[in-house]
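Both complexes below contain chain A, partnered by chain B and then by chain C.
On to the complex of A and B.
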């Protein structure tokens, strides 16, 4: 299975305050899907990632898609099938934007 | 994103000097101070900006290559983790310099070219032979492995020449063609009657430019003017609504003064003595730019939510209040 690598031309950083806000909301049982916790930036374009997107992006550094799902399942209490579906969709979107590639 | 304040600017446009070998008729910085930060101070400031979370720095001036320590400064910035780029007139970039710029860590260099016609460019830039050397610079940089862009200030003598400018960019391997809207700052204000377009001309220009942008798959055409929103032709690459100044980027002048952008003269701090993140989060000027109050025709305009009054710098320069409508706006 091919491994996922980030496009080295993409600049990115986590937004610490927003990440803390999202984590606090989740802790209280709230929804944090709309909070941008990381920024991807390249050549005048910018993408904001929510908490799940950020956690996926951080792991796009040589894992296979299945390894990435396994890694997330170890940290987050979510249904495997739902997560697998969300990860696949998100990676497809990133690949279409050329933010990641498969080697 | 418009309501969310990033933890720090994504990018800083950083003037290293104000000395220049050209005499451009629209130059915004001729009236600025000649003071420059010394190398060690500049490096320390770059290190602190990187720690604050800024990801990219774009060096400008003046002509940054007139600064003798430019390569050392760029190397320091790259080592600090920045994506390093620069705007230059290209006059001093030969093959050897292109190689040194690559070694210094430059990822991208923009060359200012205002016309595909050499004489027109040379007259506008006040330097005979500058067009030939600017095009040569693009070739040398590409040969050295540095991505290039062409920066063109749109004005009365080039606004109908998009096909020629695109052809020129393609022939010289530029990855991006930046069409900069004309700002009435510095000499741009003094020469605006001769150089600036009418609102109707801007509308025609942007309609054409957006069509070219959508059709060009091999060249990134960057427009970066919020008034495009009122054309109903959505720019999918626009990162925020309204001006990016103070939302995604900041400007630093050669003496260290921090301004929202290079065309807004409001000094909101100094990179040597002030904490960048504190300025970013606490500046009242930035807060006002991020939360503009529509005035005049903007107050009843259905496009306001998308364009947020257009270019704040232009409105400020021409009316004294950045909440006023952008003078380039064609909406009645």
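On to the complex of A and C.
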């Protein structure tokens, strides 16, 4: 199975304050999907990722898609099939934007 | 997700030259830039020689997750400079040229140079097509039309609609490498060069995704917005980036200028270049004259 790697030309960082806010909301049983916890920046275009997107993005460093899902399942309390579906969709979006590639 | 308002910027424009007689502490500033997790540093030193500070900054940034674009003058690019840059290379090396008479000879870029920075002014804008012809002939895939340094006293420049249309028409037949990357900060100039592509930066990003530092260490929202936010001789970049002056200014910039309310294009240009509008109109509520 092919491994996922980030495009090295994509500049990115986690937003610590926002990540803490999202984590606190989740802790309280709230919804944090709209909080941007990471920024991706390339050619003047900035994209923000929510908490799940950020966690997926951070793991795009040589894992296969299945390994990535397994790693996330260890951290998130979510149904495997739902997560697998979300991860696949998100990776497809990243690949279309050339933010990641498969090697 | 919508483009957020950031606590700290991701882009920093830092002009090193002209070096003042009492330069700021470059090492301290650079350490702060790295600490703040700035993603992109545009370092400009366009004197006839490269200041030592430039090399030390590059060395300091070498292991940081920070993409440095270095812009030098062609005169400064000696063999020795090339060797020293090889030890701590920037992600991107540009040379700043101001007209076709100053383009590199033999229609090719010097070794190690990634592209051209071409400051657009009232004197040089007619040469933009020459720049694109040079890029087509030389295989140059990186062009930057840098922001005007209004904080340095440059005269604000813009093109009329008729001039933009003329520019678009002259550029149209010039072939463009689909992989060429062109940076244009002026939303209206962008329209003249890329009439069919929306401006990627959206609204004015001064004091949000970007900040600028002048050679003396004074921090501005953007090189085109001569409103000082603080001085690194007496304060820290973190304090300035998170300070009230920046927040207050950003609030003003997030409001559409009164003169633009009701305009059908306001959704796409969101007031144009706010620094230029303020500089030429004397108010944050006025129209960017490039819109006329």
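The rule is short, and it goes like this: the second predicted complex is superposed on the first by the 103 of 103 C-alpha atoms of A that agree within 3 Å, B and C clash if a C-alpha of one lies under 4 Å from a C-alpha of the other, contacts with A are read in each partner's own complex, and residues count from 1 in each chain.
One rule holds in what follows: a contact is a pair of C-beta atoms (placed from the backbone, for glycine too) under 8 Å apart; a residue touches a chain by one contact, two chains touch by 3 or more.
For clarity, every value in this text was computed on a predicted model and none was experimentally measured.
Once the complexes are laid over each other on chain A, chain B and chain C cannot both fit and instead clash. In the overlay built on the shared chain, the residue A:29 is in contact with neither chain B nor chain C. Once chain A of one complex is fitted onto chain A of the other, the partner contacts of A:45 extend to both chain B and chain C.
Using the contact criterion defined above for the overlaid structures, shared-chain residue A:13 touches chain B and also reaches chain C.
Comparing the two interfaces of chain A, the one with chain B and the one with chain C have residues 11-13, 15, 17-18, 36, 39, 41, 43-46, 48 in common. Chain B makes touch with chain A in their complex at residues 1, 4, 6-7, 10-11, 53, 55-56, 83, 175-176, 220, 222, 224, 237, 239, 248. For chain A in complex with chain B, the touching residues are 11-13, 15-18, 36, 39, 41, 43-46, 48. On chain A, the positions that touch chain C within their shared complex are 11-13, 15, 17-18, 34, 36, 39, 41, 43-50.
If you check the complex, the residues on chain C that touch chain A are 1-4, 6-7, 10-11, 37, 39-40, 65, 67, 181, 183, 200-201, 209.
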